[in-house]
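Below: one structure in structure tokens.
Chain lettering (A, B and C) follows the sequence in which the chains are written, and residue indices restart at 1 in each chain.
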Amino acid sequence: MSGVVELQSLPSRPPHLPATLELSGIAHSFGGFKVLSDVNFAVPQGQIVGLIGPNGSGKSTCFNIVSGFLSPKAGRVLLSGRDMAADSIQARTRQGLMRTFQTPKVFERMSVLENVMVGLHKDGRSGILASMLRTPSARRELDRLRNTAEGACRKFGLGKLLDAQTGRLPAGQRRVVELARAYVGAPRLLLLDEPSSGLNTEEIEQLRGWIAMLNSEGMTILLVSHDMGLMTIADTVHALYFGEIIASGPMTAIQADPRVREAYLGG
Amino acid sequence: MNKLRRSLLLLLLVLAWALAPLLLSRHLIDLFVFAGLFTIGGLGVGLLLGQCGIVNLAQALFYGIGAYSSAYVTVQLGLPSLTGFLAGMLASALIAIAVGWPVLRLTGFFLALATLALSLIGNVLFFEWDWLTGGTLGIGGIPKLSIFGFAFDTPERVYYLVWPIAILVLLLADNLVRGRPGLAMRAMRDAAPAAEVLGVDMHRLKTAMFVICAMLGSLAGSLFAHYVSYISVQSFTVERSIAFLLIPVVAGSASVWGIIAGALFVTFIPELLSGFGDIHQVLFGLALVLVVTLLPDGLIGGADRLAQLLKRRMA
Amino acid sequence: MSASLVMQAILSGITNGFVYALIGIGLAVIFKGTQIINAMQGEFAVIGAMVTVFALEPAGLPYGLSILLGVISGAAAGVIIDRLFVQPMMRQRAGEESFLLLTIGLAVTLSAAVLYLAGRNSYLLPSWGEEGVIEILDAFLQIQALWLIGTAIIVVVGLRLFYGRTLLGLSMMAASMDPDGAATNGINVRRMRSLTFLLGGTIGAIAGILVAPLVAVNYHMGIALTLKGFAAAILGGLSNPLGAVLGGVTLGLLESLAVVGFPSGYKDVIALAMMIVIMIVMPNGLLGRVGRIGG
């Protein structure tokens, strides 16, 4: 696909291999209240793994632990075999991890194109002094960032909205901007937090397509959602209930699992 | 066509600027010099407010450091004035790093009030350290600036010095804002967690911008000291910090070139209102409150909206 | 340094501490009710004190009535500011910095208005009860200080009961923490916000009127009062009125004890530097339980 070619034309990018993620013995609590106890699962290279569960089941906590917004009380998070425990959010980004947010956190007072350009920030070099003086290299770099971002925008159907102020866009399109912004940074592991919330059926269908595309372009994906329909895209799904994984398998099997049915319907 | 019109407009502006001192009274030129100084100092505060979303109420501190450095270096030590400029900017940068690194961990109201406290602390220290600052008596006899033997000893001459400096720093700031760091700044202003996820080193960037703001404040302060040749604590109070903050607020905080409009407002409006007698300060305060409530994008944003409204009416 | 000097420092530290506490309580009440840090809380104190001064002197009203007028004017100022400025900006969903700029602008305006109306003079009010001092271990405490401390305690206890026990207090809390949820439960969120400002203005005015017999009030003391009050509230943890008292007294004591060793000019430096350090290292204040919102 064209997007891959453009992305790889950035010289600073290392060869792009999807990452693996492994959680072992993760436990967490808030003020004595257990939210996660001994959670173990893996996201194999190049796969889409889903995490489902009712509200308060610990999905978000799990997600925040992987992305570095929380540190777990116990357990290890391994990115391609390397323990990330001590890594800051930024360090995780440098290692190829990227996340989205449940309510899309777009840069509201910036244009769509600028939003996506920020996705390339980590690949840039030019600092404050070079930018002030508009050195040739800073200018070249900015042009390159702009072109790459523009390509990504077009790919996600945002070509006509490049200069639109992102804060004025409807919820669905903000979601797309956030996705394009994550995509352009070419992460090796992408964490999607409730990507379908606030979207209509048509938009969810489109989202499925994009998730598949991101996956085919070399991103391992961890998908957190309570949208059972969207989850059928995942290779494997883990069901969380009160901080424990109660079932694992393909979505069809999960849906049939009596314990999951009880958790969702009986609880 | 459009480009031609813009260049023409620019040319006219430059011409008006260049000829202004020939036509204006000395008092007005004096006010324009101050507007230039406030443009330089206000730009720093504006970059923090408009690009980084940081309310900085400590600019009078750095304005003071610049002014006292220049005064001390030239009057007490008898060194050339350039040394004073450099000493002030260096001291300001170091203090901004030392103070900014811890303080910029705060956000929102808490950060704003911390900077307000810094300004008050600075004012007390300027007052107490009279061996350096002359206390309430101040420092007098600061020599006029002179570059290659040309003395900037009249308001007209200083006018031709201050404004090119102001335009230069505005140009640099404009480049910065359009560049990669500018994008990162606005990103952290709009949605800090997302900016962090995308790899923006927010704390470093904030500190760097705080340093730039401080150096601009110091530069303005040094120019001020040489222009007025007498300085005292009264010039570096919290009120001065508030006035610096109001420059970008009035202008519409995200606009770089709008800072000029903000600086002109802060210099000329009190002057115009002083015709109303003692009540002018109240009117000035009210004008500011009204700008904050009615024009969230400042004068520039308000003018834009008015222009659009008129366009629609005409069409 | 003599023991009586230290004792004197302690007594005046406690007195000042309660002044900071009262301002801090007002700040905390408004923050609790609106999520706004009101940078003109100190101006409420100046308004309350100045109205009382002028009701008493040129107008010749009895002291009790003058005090009442002072308190009412603080309360009215709170409501007017809310209705005229805060509500419209809330509707535009203005950000944190806009509210800060608004309250700073109002502080500048009000201080200029006081300068215009009352001039540069400083004004003292007569003591509430008897003039005079009591002696404790060779140090002196003005009787007015006891009034101040007593009133502050009454205000704290009253607020505790108000927020904890009354429906109105609970509604005010709900309207602030979850405006949409409160509105669906039939709470008039706008009115609750106005009431919050009324309460903040009232407490501010009371603080000013209590201080004026001890410290002469003038047009430019508002900002310094606000900052000291904010320091007190931060020390105590913003969401807790009792904390503001603890914070205020700690601040007052540190300030006045430090002055025993340092030149008195450094009093403010010490207090403000402490405020900054506390915000950074103890974001939840000395009591440090309740989370800080908005920071």
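Following the convention adopted for this analysis, a residue touches a chain if its C-beta (ideal position, glycine included) is under 8 Å from a C-beta of that chain, and two chains touch if they have at least 3 such contacts.
Please read all numbers here as calculations on a predicted model, not as lab measurements.
Participant: Per-chain Cα mean versus the mean over all protein Cα atoms: which chain has them closest together?
Facilitator: B
Participant: From the C-alpha centres, identify the chain that is farthest from chain A.
Facilitator: Measuring from the centre of chain A, the most distant chain centre belongs to C.
Participant: Could you work out how far the Cα centre of chain A sits from that of chain B, in whole Å?
Facilitator: 41
Participant: Take the average of all CA coordinates in chain B, do the same for chain C, and state the distance between these two points in whole angstrom.
Facilitator: Measuring from centre to centre gives 32 Å for this pair.
Participant: With chain centres taken as the means of their Cα atoms, state the distance from chain A to chain C in Å.
Facilitator: Taking the mean C-alpha position of each chain, the two centres sit 46 Å apart.
Participant: Over in the complex, which chain C residues touch chain B? Could you list them?
Facilitator: 37, 39, 85, 88-89, 92, 94, 96-98, 100-102, 104-106, 108-113, 115-116, 223-224, 227, 230-231, 234, 263, 265-266, 268-269, 272-273, 275-276, 279-280, 294-295
Participant: Touching chain C in the complex: which residues of chain B?
Facilitator: Those residues of chain B that touch chain C are 49, 53, 55, 57, 102-103, 105-110, 112-114, 116-118, 120-121, 124-125, 127-128, 238-239, 242, 245, 249, 278-279, 281-282, 284-286, 288-289, 292-293, 296.
Participant: Hey, which residues of chain A end up touching chain B in the complex?
Facilitator: Residue positions touching the partner: 67, 69, 89-90, 93-94, 98-99, 101, 105-110, 114-115, 117-119, 121-122, 124, 126-128, 130-134, 138, 141-142, 145, 178, 181, 185.
Participant: In the complex, go through chain B and note every residue touching chain A.
Facilitator: 172-173, 175-176, 178-184, 186-187, 189-191, 193-201, 208, 212, 254
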